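As written, the chains take the letters A, B, C and D, and residue 1 is the first residue of each chain.
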């Protein structure tokens, strides 16, 4: 099927080989996000979507960014890519291999986007241009940054398609001819086009059915292991994080609630929100233990026009005290882990209580 | 939001009514005279008609009348009102200054005789009709003039309708480039005339005479041509031409005489040639006339209806036979009838009237110009035919079909156009000449007339007193000044325009514009006014 | 695909028939008389009858209609009353003249509108460029085309003298097709062409801008931006997608505008088919007016058909059923 | 908008009030500064139109005479004639002011008629679907294939040039586009859950149309009527400019036609500029209103907040 490379050996294929070598030589990126705040300024005031968020992605590692919808996870990703809408106020730093990439102009970003940071978008359903073939769109990404012939770029696209398990012939097809899962794979293939040091996967599986979700996640994990790129995986599915990511950042209402090595964060959460999130996802029953019920966190994420003045989770936290409602907690480290809770010291007590459904139910009826 | 201008009830009417005659009580009077419709040429013919009708009705409404303005498109007006008998109440409209209307027959007979096709005023007076029919047959000019004047007197006494103004045409030309641009008065500067077309002389090397005009000529086949004197009379010679003195002068024919009341002997000019070099002979003339009589081309019907045929006498002489004696033949037919080259037409097998002569390459006449090019709706070019006996002193004439007045004006200013004669309002021509040194303007007073028609078969117009009052309240002066911007002359009495010279009966006493007098006439006839100042019929 | 085209063609034929019928009856119930001009000159009653017969205006309306349809099916639209020759002989050169201002004018207007519309649509929301762009486009869209023509003539011909004031060429004997390739012709063409462009551009601009604004927030645009391609390339993606709805509007609008160009032709004394239509109507030359009208209607129908097909070409999602 | 969407319950039961729908439309328009400018101009024009007969110094067709008894033709602006006179000696200002009446009369009456017919056709076609829809849409197709201005020229020549006929012709011409647009809006509304509930609850077609469909497509109708006013004004102006206007009244197009046909277009600026500018202002302000309205009601065009 690989007729492009088959038909045109010689110069073209050497060009491809050179391109592949060049791309393969790219190191994985190191990303440090420091005190990132993102606010949308509109008539009614400032909507603080992300507030003082810091985290780090070490080269070749995979960071999970979790939280409910509306917690600012995607905003963080957009800010790093420079995709925030006009009129957004951003402060803080995002150091990519030591260089800040926040607040750069579109022109300056041209040298970074896709070359150093690539994006696997949230809804693959709509994120491909409907009027161009998939192949053209991948080629566009390659040729915007690498001075190679169309044929070479196309050959590279075929390789990428092979990598995500799709037949090369389908490059000629248009997005509407693809199923959701195929589109997602195409988007992944596109993200890999330039072997960027940093991959940002923004809820890559949200729109898919569970079987497809796990297939895609497997694909991402495989690629991650194979290529050792740095990666941020945004998801609201804590199980995905558990399986995929070395580190985890839990976000709530625009702030970091908790962060640390995934194992630590999920095994011994320090923040009641993390505990709640954990409860809300199904787990395979562990032999010998009683089957864990699914418990959702009552209430909704607070309106960020008028964020609560204390802990943002206080309104939904079964353990909240007067202090929680009044003073915003600082991020407190405990070993590799850190959490923004006044009562980190009582974490194990909370964990115990949080695993009981009535703890949350009481909260729900109180609210 | 009722449109206030639609009904013109003069606010002046009331106080005048009160002061002059007081007002009668309603029980002393008959019905109120109903609203009167005034039909006039709609704006497609220019705003003069609208303005004139408005001004005239403003004065008439001082008699206590109300008017409804009814603009009618030209073609509708002609087919419905002029010949269709569809005149409701009144009409204000014009008839053009065609060259053949220098003969009184059109004015006396066509517009006024019982059953005449253009008698839209629906007036029928047997003795009058008898007179105007008779005058036409009188070959003796003196007798004819006397009878025509008598008919005018009769018409004046009855006053079925009357002319309000005589139109003043105009022409504006580039006097830097052209001289001897003579006036065709009293005829509008129709193409095909000697004045100013053939007499103009170039002052510069630009020896093409560019006529900035409105519309295209639609055919070069004279049998299909509608106009009376149209453009193609430049290409095809006629037997005679009417000059600016109103005389019919020799052209392709050098002389004519009535050898019998129904036979006219015509002698052709010597050494005439068609554009292809063939000689013009009596054979061509006879062929053309007989063909026309045989085919009866509809477009020509009005002038050829009285033709019976022609016969050759010798190479340059032939006789035209008429069906009935017709004194107007000389002025109306000889300057109209043309000569076709027999050698191009005799063997044509299709419908001659529909022949596309341009496509066939047979735009061949003997006229002062040869056909050169025609770009549809854009420009026509005729080249001077140097061998013609009256060839102009320039190289050719162009007709620019500009389609709108503004472009005609621009053409005159920029020098692209050398002469403009119609379409551009006369006032605008005069303005132009005042503004630009190189442009000169000449007024062409004509016999074209704006007529006031009344429906003579309907009350109140059946009443002579009412007609008289309306006549007295007709402000010819205002119509000329406000309607025609001064480019019209208040018309004289009677149906025949003063410009027709000897045919005009100058003994008819002038009726002055007099609203008070008009009201008196009405009052004496038993009419009266109600408290609103509205005119009522006399009590029965 | 073929079945679809056939069905659409059948529909188009139906529509053309209906419009033709409407026009036929409209012209026949006109109160005006095509013989009026002759009547004023004294056409006799018999001659008038003869003329009406020759023009196919005698017999019942129904007979006339059937005869008319039968002739049209044979491509015969009759002879012009005035020009006394087949209407197409009269119209063909005029159609060419009209196309000279219409086609380049409309294409340039559409292209310029698309480019400027993309620029305005891509500008910062609420920014100066966007606001000025929208304002100017909306105001220019509100200028009647004869006012555009008058303004252009007054400024560029009368005052500055840069362009000729009327017509399609200087008077002269240049005829035939070659005249279209002279400098003189282009000089005359400039102003009417600009008028058509100004007349046609704003609506394109506004539609394109709406499309781009709608598309620029779509997810796929975000991905294109993320790919780090140049801004112009990103805007192109938005523009390319905005063109789809524009196409459905553009083609019928083209046809409609050609029909509306009559005013521009009159102002500039351009010897086109629209101007002739107005003359023909005022001179009761039914066959000519009917044929011109038929032509315009067919053009609109074909434009709609073309819009459908081109849309299919541009949008891979469309499947003809 | 958000409120209307988040409270589906009451909408389903009561339907929406007409008044609130219209009020909301106006509020939306007033939120845009361009549209506000447009509304202000429109309002000012309406006021002038109403006052025209009282504030115009002369009768529009009255011929002005000079002291020497000559016609006061083509006078540039003077204190007696603020906008000068025409070539017929008419006062330009008076004609100009009367022109407001005709423009708005034609525009508003035609637009209301267009709005009514489009709505009736669009709603019937969209709501009932099936054969009715097919037939109505084929008729619309045919109407859509009629070239606008040429048809208007022929039709006015046929019917005679009067304000009433011009309005009639404009109505005949512009209902077709509106019917299409309204029909597609109705198609969307018809599929809404609350319409289905209402039908299930036994509401009559008439009730459903009046309570659920119409109030929700008011914005589409409003938009189309606004645009129709502009189209009508433009069409009347074009016809008048071509000499097919009602000669018994003064309209701007006709003023321009008179200037044009008397060859004074490029010299008598005082005669040409006022009607041109007024036409542009009126039509543009309508377009500005329409555009702002479209922008405010189309969620995809709104500035993201």
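As a working rule, a residue touches a chain if its C-beta (ideal position, glycine included) is under 8 Å from a C-beta of that chain, and two chains touch if they have at least 3 such contacts.
Quick caveat, the model's predicted, so the values are computed rather than measured.
S.K.: Based on Cα centres, what is the most central chain?
M.R.: Of all chains shown, the one whose C-alpha centre lies nearest the global C-alpha mean is C.
S.K.: Quick one: which chain's Cα centre is the longest way from chain D's?
M.R.: Taking each chain's C-alpha mean as its centre, the farthest from chain D is A.
S.K.: Identify the chain pair with more contacting C-beta pairs: B-C or A-C.
M.R.: B-C
S.K.: I'd like the Å distance between the centres of chain B and chain C, where a centre is the mean of that chain's Cα atoms.
M.R.: That pair's centroid distance is 39 Å.
S.K.: I'd like to verify one number: the distance from the centre of chain A to the centre of chain C, where each centre is the average of its C-alpha atoms, in whole angstrom.
M.R.: Taking the average C-alpha coordinate of chain A and of chain C, the gap between them is 53 Å.
S.K.: Which integer distance in Å separates the CA centroid of chain B from that of chain D?
M.R.: Computed from C-alpha means, the inter-chain centre distance equals 44 Å.
S.K.: Can you give the whole-Å distance between the Cα centres of chain A and chain B?
M.R.: For chain A versus chain B, the centre distance works out to 91 Å.
S.K.: Among the residues of chain C, pick out those that touch two or more other chains and give their numbers.
M.R.: 31-32, 125, 153, 158, 217, 266, 282
S.K.: Chain B: which residues touch two or more other chains?
M.R.: As it turns out, chain B has residues touching two or more other chains at 44, 73, 404, 406, 410.
S.K.: At least two partner chains per residue is the criterion; list those residues in chain A.
M.R.: Chain A, residues with two or more chain partners: 85.
S.K.: Quick check: in the complex, which residue numbers of chain C touch chain A?
M.R.: Within the complex, chain C contacts chain A at residues 124-125, 217-220, 222-231, 233, 237, 240-241, 244, 314-317.
S.K.: In their complex, what parts of chain D are in touch with chain C?
M.R.: Residue positions touching the partner: 34, 138, 141-142, 144-151, 153-155, 157-158, 160, 230, 234, 237-238, 241-242, 253, 256, 260, 265-266, 272, 276, 279-288, 291, 294, 298, 300-301, 303-304.
S.K.: Okay, in this complex, where on chain D does chain B touch?
M.R.: It is residues 53, 59-61, 63, 70-71, 73-74, 87-89, 101, 105, 157, 160-161, 163, 243-245, 247-249, 254, 257-258, 260-267 of chain D that touch chain B.
S.K.: Which residues of chain B touch chain D in the complex?
M.R.: Residues 1, 3-6, 42-44, 46-47, 50-51, 54-55, 69, 71-73, 404-406, 408-410, 424-425, 427-428, 431-432, 435, 481-482, 485-486.
S.K.: What residues of chain B sit close enough to touch chain C in their complex?
M.R.: 44, 73-80, 82-84, 95-96, 98, 110, 117-118, 208, 210, 215-216, 218-219, 221, 224, 226-228, 296, 298-299, 301-303, 305, 353-354, 356, 359, 372-373, 375-379, 381, 398, 400-404, 406-407, 410-411, 414, 416
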